[in-house]
Amino acid sequence: MNAPKTDRYPMPDLADLPEDIRTQILAVQEKSGFVPNVFLKLARRPDEFRAFFAYHDALMLRESALTKGEKEMIVVATSGANQCLYCVVAHGAILRIYEKNPLVADQVATNYRKADISPRKRAILDFAMKVATESHALDDADFAALHAHGFTDEDIWDIGAITAMFALSNRMANLAGMMPNPEFYLLGRLPREKKAG
Amino acid sequence: MNAPKTDRYPMPDLADLPEDIRTQILAVQEKSGFVPNVFLKLARRPDEFRAFFAYHDALMLRESALTKGEKEMIVVATSGANQCLYCVVAHGAILRIYEKNPLVADQVATNYRKADISPRKRAILDFAMKVATESHALDDADFAALHAHGFTDEDIWDIGAITAMFALSNRMANLAGMMPNPEFYLLGRLPREKKAG
Amino acid sequence: MNAPKTDRYPMPDLADLPEDIRTQILAVQEKSGFVPNVFLKLARRPDEFRAFFAYHDALMLRESALTKGEKEMIVVATSGANQCLYCVVAHGAILRIYEKNPLVADQVATNYRKADISPRKRAILDFAMKVATESHALDDADFAALHAHGFTDEDIWDIGAITAMFALSNRMANLAGMMPNPEFYLLGRLPREKKAG
Amino acid sequence: MNAPKTDRYPMPDLADLPEDIRTQILAVQEKSGFVPNVFLKLARRPDEFRAFFAYHDALMLRESALTKGEKEMIVVATSGANQCLYCVVAHGAILRIYEKNPLVADQVATNYRKADISPRKRAILDFAMKVATESHALDDADFAALHAHGFTDEDIWDIGAITAMFALSNRMANLAGMMPNPEFYLLGRLPREKKAG
Amino acid sequence: MNAPKTDRYPMPDLADLPEDIRTQILAVQEKSGFVPNVFLKLARRPDEFRAFFAYHDALMLRESALTKGEKEMIVVATSGANQCLYCVVAHGAILRIYEKNPLVADQVATNYRKADISPRKRAILDFAMKVATESHALDDADFAALHAHGFTDEDIWDIGAITAMFALSNRMANLAGMMPNPEFYLLGRLPREKKAG
Amino acid sequence: MNAPKTDRYPMPDLADLPEDIRTQILAVQEKSGFVPNVFLKLARRPDEFRAFFAYHDALMLRESALTKGEKEMIVVATSGANQCLYCVVAHGAILRIYEKNPLVADQVATNYRKADISPRKRAILDFAMKVATESHALDDADFAALHAHGFTDEDIWDIGAITAMFALSNRMANLAGMMPNPEFYLLGRLPREKKAG
């Protein structure tokens, strides 16, 4: 099997981590029921860990014209373009939950143009995909297409910055051989009552 | 929403279809519990329908050194490369069932190089991806890589022909705006006992 | 020389083939004066042979708004994009004959944008080339460009399906090392009277 | 039709050209029986005409380890990659004549990897195609592959320089809408005795 | 001119910035003699500013087997591939200074394969360019190529993480229309004594 | 170091060159203060040398609607796209001098879309980049975009032909391992008075 690839950067013991990082990870575990691998993989390097999650939170938790679901949709679509297994599966789960839609993550990850999403969301993803794959060619027409949906330049910064953050994140996951926790694959796919059962 | 795209080629009524096709579709419905959209989309054109499924069955049901799971893995990986939503989701379901592995389809569709699969399966997918994306450049070294895993040229024909069949199928699904049935998204993701519950 | 490449999948003896396939091949030979290699290469696998030609005929012999020449033009242009030597040369010959134009096949195979063809044919090929190379990105504008030339969605299915069929065919030819019969290279290049001479 | 494209840069009258250019063109006409369009298209600009053909002759008429046929093969293969209709058809004719092989030009233009050519010629074309499409990535291994066939660095300069010259030529033909003379399409396809008849 | 592009996200007044950010910027100005535009462009969003520079410093100031010059070389080469004007020019200046080499930045930004650098540096850049452009395809051979130069997996994390950080940075600069300060273009190009004069 | 790459095609002694070439090179040296390496690299082959510079001068010295600066801008932008180190650095110097702008060369070489240039120059470069990278797809709309800026088809020939000439030149420089003279890196970067000092 391909085990060596994922063993190159082993995950540290929680006990060996700095206090602030251990606390943050335990809080995530408390909330989610498991520790997403990205936390343990990055915790090997505490300074990078802190900067990564500070950046992530600055963008993903920020008040914005974008809904939480739209932000995750950007992550899933562009991570699909970057073939980042960890981000597609982990953020796909979050996307399903935020959108209360068990189908949308697979659609957006595979081909966002065929996804059953609103024209507004389609416009967001068109822009994000250009930032992800050819940011050098961004021009006024790309901004105008989002203005037509009522987005301001400040909103567009959100779209572009989330995409840029995951350009980093996708490359780290591919470098580190980060595998999604098995839990992510099923999250958000079942109606709430079944899950409770 | 994007409804127009999926309405361009409406699905016919079962009652209006030729007898042999209606029978085939009812048999699938009996077995699966629903009619996969590919059957109804293609049934609009009976001759093409018959040829399509004859070709599909000639390859997918054929005795081969490839397991059924490996055949579906080829479909899912190359359909991911072609960004074919229908085939990734529908054949992803079948792949999960054949491999009794709820994780493998998402892995292979997103980035087969990071999937948790054997070197043999990795070699199959390397070859299939080359047929899918640059068949003009196939050379002796590509065959040799599969010979090293014990495959004969006849087995390699199977790999290449399945890939070629889905090069057709992916394009038809993208052309026709074929959407996966909602059922496919969840199939094979739950342990069998839960499903029964 | 490169003989090994073409020997990997040897052509069977006519005598060893199933009756229906032998009959079909002899009919082609009777009509064309030779047996195109695609028949013998694929006859190694009778079920795939039957499905392939059933599909081919369902599309190429079907009554359509497309002329026979336009259908072959789709084949030649997209096979050029896929660098499929067999299909460019064999279908180039058929195209020259149908169009009674000794120049058009080389033009369309090399660069359809520079070919001396009508705007209607240019629009057909623009669509076909998108199906061949990036079907995931097909959108309403692509359909509209063909509607502007009077094509219906049903006609567009023909264009897309022929392209999809040869996406399969090109990959099989490249996989199997299929070489065009020498006869094809010259067919349709000479005025009829010279040929008779 | 697409006439405007070819009319943008009209061909001058022979009578209006400088003496040296008219003489050169008449000599070509005498030898070939017609004036290849490249001569008339470029003659609009006498200084560029003179430099173009001086460069062309410096490379194509130079004594070299490459045969005349091999030089033309480089032109046809790389012009195919650049989708240059004029050069594929015009130099395809010359290639057929030099190699006394009516099939090789179509093979090399469509997919040189599948052409029925010697390993030596294959190595020449591998190098030429890299110069044509990604010269920035040339490295020692590319030179070594040709040394293995007995070529010196001076021979490799010939290969690269011919490719570079036609990188220019292909772009000029595409810019100027240069169409091959109809005569070229058939040249070298018939056995000599038939031609005489 | 293209002024609108750079005006979309205006730079804030220093006086309006949070204390910690203003202090940081004034310190940079003190040291460099000017404020690089990246500081003012990003300061519009204090939380993102803080995370960005924390991440940057965690990687660029970290003790490592990579020299400071090698770290900047990664930035310049991958920013060239991403066509990020700001990063090529600004980090090109820093690279020239660290390496005490007025030529290397232009070489590495244009074509690192032709740069006059050691095999060790070439290996670093080969890996970095793969992370930048196709991180999904990273495999064991890419790591082995660096092990051969004595790098550990921990060093390789540095290479990959710096590349990933600038995948983010390049996209932000392209999004925000960030222009390099004029000072950067000349920095490190003159011998120290001339500069003093 | 990478010395072998630049040693493959050693530069000849001036004394061994034909009289006309030696005279031409000495004149350049007289004017520039040094001999640009392209002269010595190409002088190895006198006939190619003469044709190269005749072609170069026919285009670059020709009276034209394009300014000298615009011509060099085409060279720098397309050489950047072709990753040609020699041409980016050497012609970047000339561009800075002609435009009396120490910043423009680095801007145009890295990402012409972000350069601080007029819409007219942007239109020139859009066309040139298409000729450089996909001349097969040139169509009427590309010409119309330049007509809108007052350019005639004859001016457009200039743009296309300069691009085509450097498609050749870039490939020769990459083939021959041509390195820019150190002098070029700094030329045109300093105000004139400093240079005098």
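As written, the chain order gives the labels A, B, C, D, E and F, with residue 1 at the start of each chain.
Here is the rule we use: a residue touches a chain if its C-beta (ideal position, glycine included) is under 8 Å from a C-beta of that chain, and two chains touch if they have at least 3 such contacts.
Not measured: the values here are computed from a predicted model.
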{"item": "Fewest hops from chain C to chain E - one hop per pair of touching chains", "value": "2"}
{"item": "Neighbouring chains shared between chain A and chain B, ordered by label", "value": "C, E"}
{"item": "Same or different contact residues where chain C meets its copy chain B, judged by the half mark", "value": "same"}
{"item": "Geometric centre distance via CA averages, chain F-chain E, whole Å", "value": "28"}
{"item": "Chain centre separation (chain C, chain F; CA means) in Å", "value": "44"}
{"item": "Of all residues in chain C, the ones touching two or more other chains", "value": "5, 83-84, 111, 114, 136, 139, 174"}
{"item": "Chains that touch, pairwise", "value": "A-B, A-C, A-E, A-F, B-C, B-D, B-E, C-D, C-F, D-E, D-F, E-F"}
{"item": "In the complex with chain A, residue positions of chain C that touch it", "value": "136-137, 139"}
{"item": "Contact set on chain E toward chain D in their complex", "value": "111, 113-114"}
{"item": "List of chain B residues in touch with chain C within their complex", "value": "4-5, 8-9, 45, 47-48, 50-52, 54-55, 57-59, 62, 82-84, 131-132, 135-136, 138-140, 143, 153, 156-157, 160-161, 163-165, 167-172, 174-176"}
{"item": "Chain C to chain D touching residues, read off their complex", "value": "1-2, 5, 80, 83-85, 88-89, 92, 102-103, 106-107, 109-111, 114-118, 122, 174, 177, 179, 182, 185-186, 189-190, 197"}
